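Common to both upcoming complexes is chain A, partnered first by chain B, then by chain C.
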Partner chain A sequence: MRSRLSLYGLTFSLPLLVWQLLFFVFPLVFLVALSFWTVKNFTMTPDFDTVNWVTMFSRGVFWQAYGTTFALATVAAALTSALAFPCAYAIAFKLSDTARRWAVFLMVIPFFTSYLVRVYSWQIFLSDAGIVNVMLGYVGLGPYGMLNTKGATLVGYLTLAFPLVVLLQLFSLAFIDRNLIEAAHNMRCGRMRTVFEVVIPSARVGLVIAALFAFILSFGDFVSPIYLGGGDPTTLSILITDTTKSGQQWPRAAVIALTMIATLLVVAFVAVRFAYAGRASKEVGK
Partner chain B sequence: MSGSEHINRNRAVDWGLKLYVLLAYAFVFAPIAASFVFSFNSDRFPSIPLGDFTLDWYHAVASDPLVWEGLRNTLTVGVIVGVISTALGFGAAYTDYRYKFFGKQVYLALALLPPTIPVIILGLAMLAYLSRIDLSGNALSVIISHVVVCAPFAMAVIRLRLNQMDPALEPAAWNLGASEWQTMRHVILPFCKPAVFGALFITMAVSFDEFAVAWFVSGLNETLPVKVLGFLQGQVSPRINAIGTFVFVTSMTLVILAQLLLTGRGAKARLAAAGQE
Partner chain C sequence: MERDTLVSFEGVVKRFGNFTAVQRMDFEIKKGEFLAIMGSSGCGKTTTLRMLAGLEAPTEGTIRLSGKPINHLPTWQRDTPMVWQSLALFPFLNVRENVEFALKMRGVGKAERRRRAEQWLDRMQISEFAERNIAQLSGGQRQRVALARSLVVEPEILLLDEPLSALDAALKVRMQAVLKTLQRETGITFVYVTHSQSEAFSMADRVVIMSRGVIEQIGTPQEIYRTPRTKFVADFLGSSNIFSGKVASVSEGAMEIDAPSGRMRLALPDTARRSRPVPGSTATVTVLDTRMGLSVARPADAVNVVPAKVIGEEFVGATATLYLETDHGQEIRVQMGHEALENLPVGIGQRLYAHWSPADGHLVAEV
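Up next is the complex of A and B:
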């Protein structure tokens, strides 16, 4: 393959580069500049003032929202991974090829349905006179107040992340060397022990990446915390929409957004380090 | 064989796992199915037992001029986004397939990263930036931001197709005297055609359902999903189910068309290629 870029090559490579620079990189860079602007009489003026950072970081509300968001996203990532794993495991190892193809196809469908509509649908299930409470009523339980709780928010996060996590886990399980599992069986290694000492370590990179995506999705979602969690406690995403949509305080919203990006970068870095760390030492061990 | 003995011993575990898979799919499809069922249900506050069968919510939606306007915006935006994203995605996929150059990792990161940035942050950044350059608050701003998010999907789909191409095909055409442009037009594009249409439909479907970035930048030119967000904020009503069912059927039609193109035609092309050998 020739590798020099010609007019021909540039015709194909440049358009996307230009578009993503103009409309992806520049907006994110502009966000950094915006966070140093000042707002006077409801108008923003270009400036270099740390006032927005100082104001936001000295507010209890902000740190409370930060703690809530981080904790909820962590629980969501752990819960989604734990609930998705048996499902991905069964699809990978217990289904026929045809059934597996159907399972994958069905798991892709949710990506093309409206997340908003699914969240509204969960309101129908979880509200005080909703489907779940009526069904519990049939067996003499409840009603329980399930809507506007953290549990309902987590149901929303699961709705958002579960299909993606199952697919990513499935993908990593598909690449495990079957001989390893066979060997473990032959050496009379128990089923659970095989899962925890052979399957999970072999698929670790994929499992960690899947959990990372669940974290990112939950961390940034503003729909579930508002329409299932009732907006209380406030998350960073709610804080951004409020600050932007009602308060005209875009520079402060930029501070929140940049803090979120910084957090996600650190989490992603730590997760990837953790995913690959054991691998390197294993290579050395060999 | 020890293997079969093993399977026999754990038949209960196997069935337990399969039951768990069914439960997981029930969880995933419960909201989708409920939205479909309740779009035909007469109760103002949907629950069980079901009320009467009705098309009222569809009538209510169909007679709302704002919904029609939203639909028109969604379709216009979706089609334009699909075409631009697919063109950009094709270029990037071909670049990755054919060229090696300094900074390629950065190029690929730019091409693939946008969907991993939380939409709320992207929405805010887009709103601030586009209003700074006087491009916010209209359909154009939605198109611009949706292409950023959709182009990576187009690239991924087309890149996978290019992987299936015999690497000797392009040099062979050159050796036979075709120029690079002629090769592109008569060899590569025809080979990628199913993936190009697949990418077109998939990016359109992604744009149809995107509400967060569109909500930030659309101003008064709201798309249908942004309208749904408005319904959620205001008087919650089963009209959402009617719109949801309609959008679901539209998106699924596009995805199934894409799937047929990607597998069906691709398989036929491979058969034809095998026949020629």
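Up next is the complex of A and C:
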């Protein structure tokens, strides 16, 4: 009976397992192998040489890009979480059931249009003669150089991550036991204080996971730093394309990509550990 | 208002949209008493408690705490700690932090907080679990944490919303004793909402019985048990036989009623004089199942006798409950000890005579 059940489960999970094996694990292994290949006369040859790792890790430009990318993604995760929280909180606690359904629907709508299109439309807003500067001109301000700055890159990251972060936060807030909030109020904990003392600790796992998603999306994003940030300062994603274009250096690009993957793995691990810290691993009956 | 009144409800009404949860409530809670509010689900008992806690605002009327109206005060400005049915312990804090929470919100210093929490952890015998997570505790231990968390601020009143409903029967009885002792020792006024008669009657000094947003009766458990005010209360408690009929005659100290099962006589106490029924009106009489007698032959000297046949029996400990049915389909419950039962043939279908003294009949109010 037991083995039949697991076979039944396997039937459904097998196609996905095969898919993951073919299109994720295999390319990843190939990427690792590729990072040890060598390039001579613009031609790649299979090899086992650590030269790409040594070259990349000893370059200032690599570490500069790494620092920039990590810092930008961290700021994006923090900023998105901070801006999304009041929004998710209002949807979870202040709206009627019908209004909440509409709000969730509105949060999903941005996913209907391509991220690239949304970033291009930001260019129209932020460019030197763009909508924002024209508006500011009417009140005698500006023009300000907004496009091709880190700020513009962050606007792009927000565009990318905001709706998803709001939804993830919303789902974790929606599952908070309302009695906990009432109990806090009942023990002299005012509205604002309850948010910090009860709501955030209760939704902690979801909030951390949401921030993690914002970090992951921003860390690997290529569109915002190039089209809104103007490619300067260079992020790791831009560095990858530059490296592949300059002299067929695919193995070196593989080194960057693998470093990014390793970084995300570490960040994800630390975030999940932090999210569940202090939680009992085992539960004793009710 | 009396001097020892702590809380008073004056014409309190609570409506949710078109639904009236509580209709015109007038009652008082005395300082230091253990008051149980009891009724089936949807009767408005929890709404009443939540209005007192400041978690719901009354639609009409005034609630006073120590004489001052508190309608407009949000819950965080009242001193009305509550123990939730789900207990609502904070899962992200350990036991000690849960108990310290209310003190922290009041700005009590760290050392003082710890000292006072320690006292209550000790008193509730949960000191050894102080550093544990809530998820690692058993049901009874959680109960104690919830009580310690509410009582640590040493309030004047404690509100409890069916806090024992998640416990198994044996633990329930143990916690009832803990609660009762705690209330007596601290002198804190307890307002305890429950649907369980055994909980209410075993712990409370006074019981409020509610039905459909209305108070049916307030009194000591004894009073309510012996003299239910309305037919609803008698029905709800389930320990009385209820006979309805037309009033045949009323005389000094006694009256007679014509019920389908025959004419019955009951003594009218002086207190009933003012609301003395008039002949021809409908009247309802209750007789406690412990006050009913049974015999094989029609007793010659008994005034109230109803023939009935046995339809079932039930044994709980030393007492037995017999269920009988009259020729008119009325059910009669009789409770007796095993010795009394030994001399009676009580096989299913056996015909017996149920009888009771006029002094044991109780006239309830017609509403």
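Basically, the second predicted complex is superposed on the first by the 263 of 286 C-alpha atoms of A that agree within 3 Å, B and C clash if a C-alpha of one lies under 4 Å from a C-alpha of the other, contacts with A are read in each partner's own complex, and residues count from 1 in each chain.
Throughout what follows, a residue touches a chain if its C-beta (ideal position, glycine included) is under 8 Å from a C-beta of that chain, and two chains touch if they have at least 3 such contacts.
Computed from a predicted model, the values in this text were never measured in an experiment.
Colleague: With both complexes overlaid on chain A, does A:237 touch chain B (first), chain C (second), both or neither?
Modeller: A:237: touches chain B, not chain C.
Colleague: Between chain B and chain C, whom does A:248 touch in the aligned arrangement: first, second, both, or neither?
Modeller: In the superposed model, A:248 contacts neither chain B nor chain C.
Colleague: Using the superposition on chain A described above, determine whether A:186 touches chain B (first), chain C (second), both, or neither.
Modeller: both
Colleague: Quick one: classify A:90 as touching chain B (first), chain C (second), both or neither.
Modeller: first
Colleague: Chain A residues in contact: does chain B have more, or chain C?
Modeller: So, of the two partners, B touches more residues of chain A.
Colleague: After lining up the shared chain so the two structures overlap, which partner does A:263 touch, if you call chain B first and chain C second: first, second, both or neither?
Modeller: In the superposed model, A:263 contacts neither chain B nor chain C.
Colleague: Regarding the shared-chain residue A:201, is it in contact with chain B (first), chain C (second), both, or neither?
Modeller: second
Colleague: Could you tell me if A:109 is touching chain B, chain C, both of them or neither one (first, second, both, neither)?
Modeller: So A:109 only meets chain B here.
Colleague: Using the superposition on chain A as set up above, list the residues of chain A that contact both chain B and chain C.
Modeller: Comparing the two interfaces on chain A, one with chain B and one with chain C, the shared residues are 182, 185-186.
Colleague: In their shared complex, at which residues does chain B touch chain A?
Modeller: It comes out as residues 2-3, 6, 10, 13-14, 17-18, 20-21, 24-25, 27-32, 34-35, 38, 45-49, 87-92, 94-95, 98-101, 107, 110-111, 113-114, 116-122, 124-130, 132, 144-145, 147-148, 151, 155, 167, 180-181, 184, 205-206, 209, 211-212, 216, 225, 228-229, 232, 236, 240-241, 243-244, 247-248, 251-252, 254-255, 259.
Colleague: Within their complex, state which residues of chain A touch chain B.
Modeller: 1, 3, 5-6, 8-9, 11-17, 19-21, 23-28, 30-31, 34, 83-84, 86-87, 89-91, 94-95, 103, 105-110, 112-125, 127, 129-131, 134-135, 158-159, 162-163, 166, 182, 185-186, 191, 213, 216-217, 219-223, 227, 237, 240-241, 244, 250, 253-254, 257, 260-261, 264
Colleague: Mind listing the chain C positions that touch chain A in their complex?
Modeller: 53-55, 74-77, 80-82, 84, 86, 88, 90-93, 101-102, 105-106, 132-133, 135-139, 149, 153, 166
Colleague: Would you mind writing out the residues of chain A in touch with chain C in their complex?
Modeller: Going by the criterion above, the answer is residues 177, 179-180, 182-190, 193, 197-198, 201-202, 204, 278-280, 282-286.
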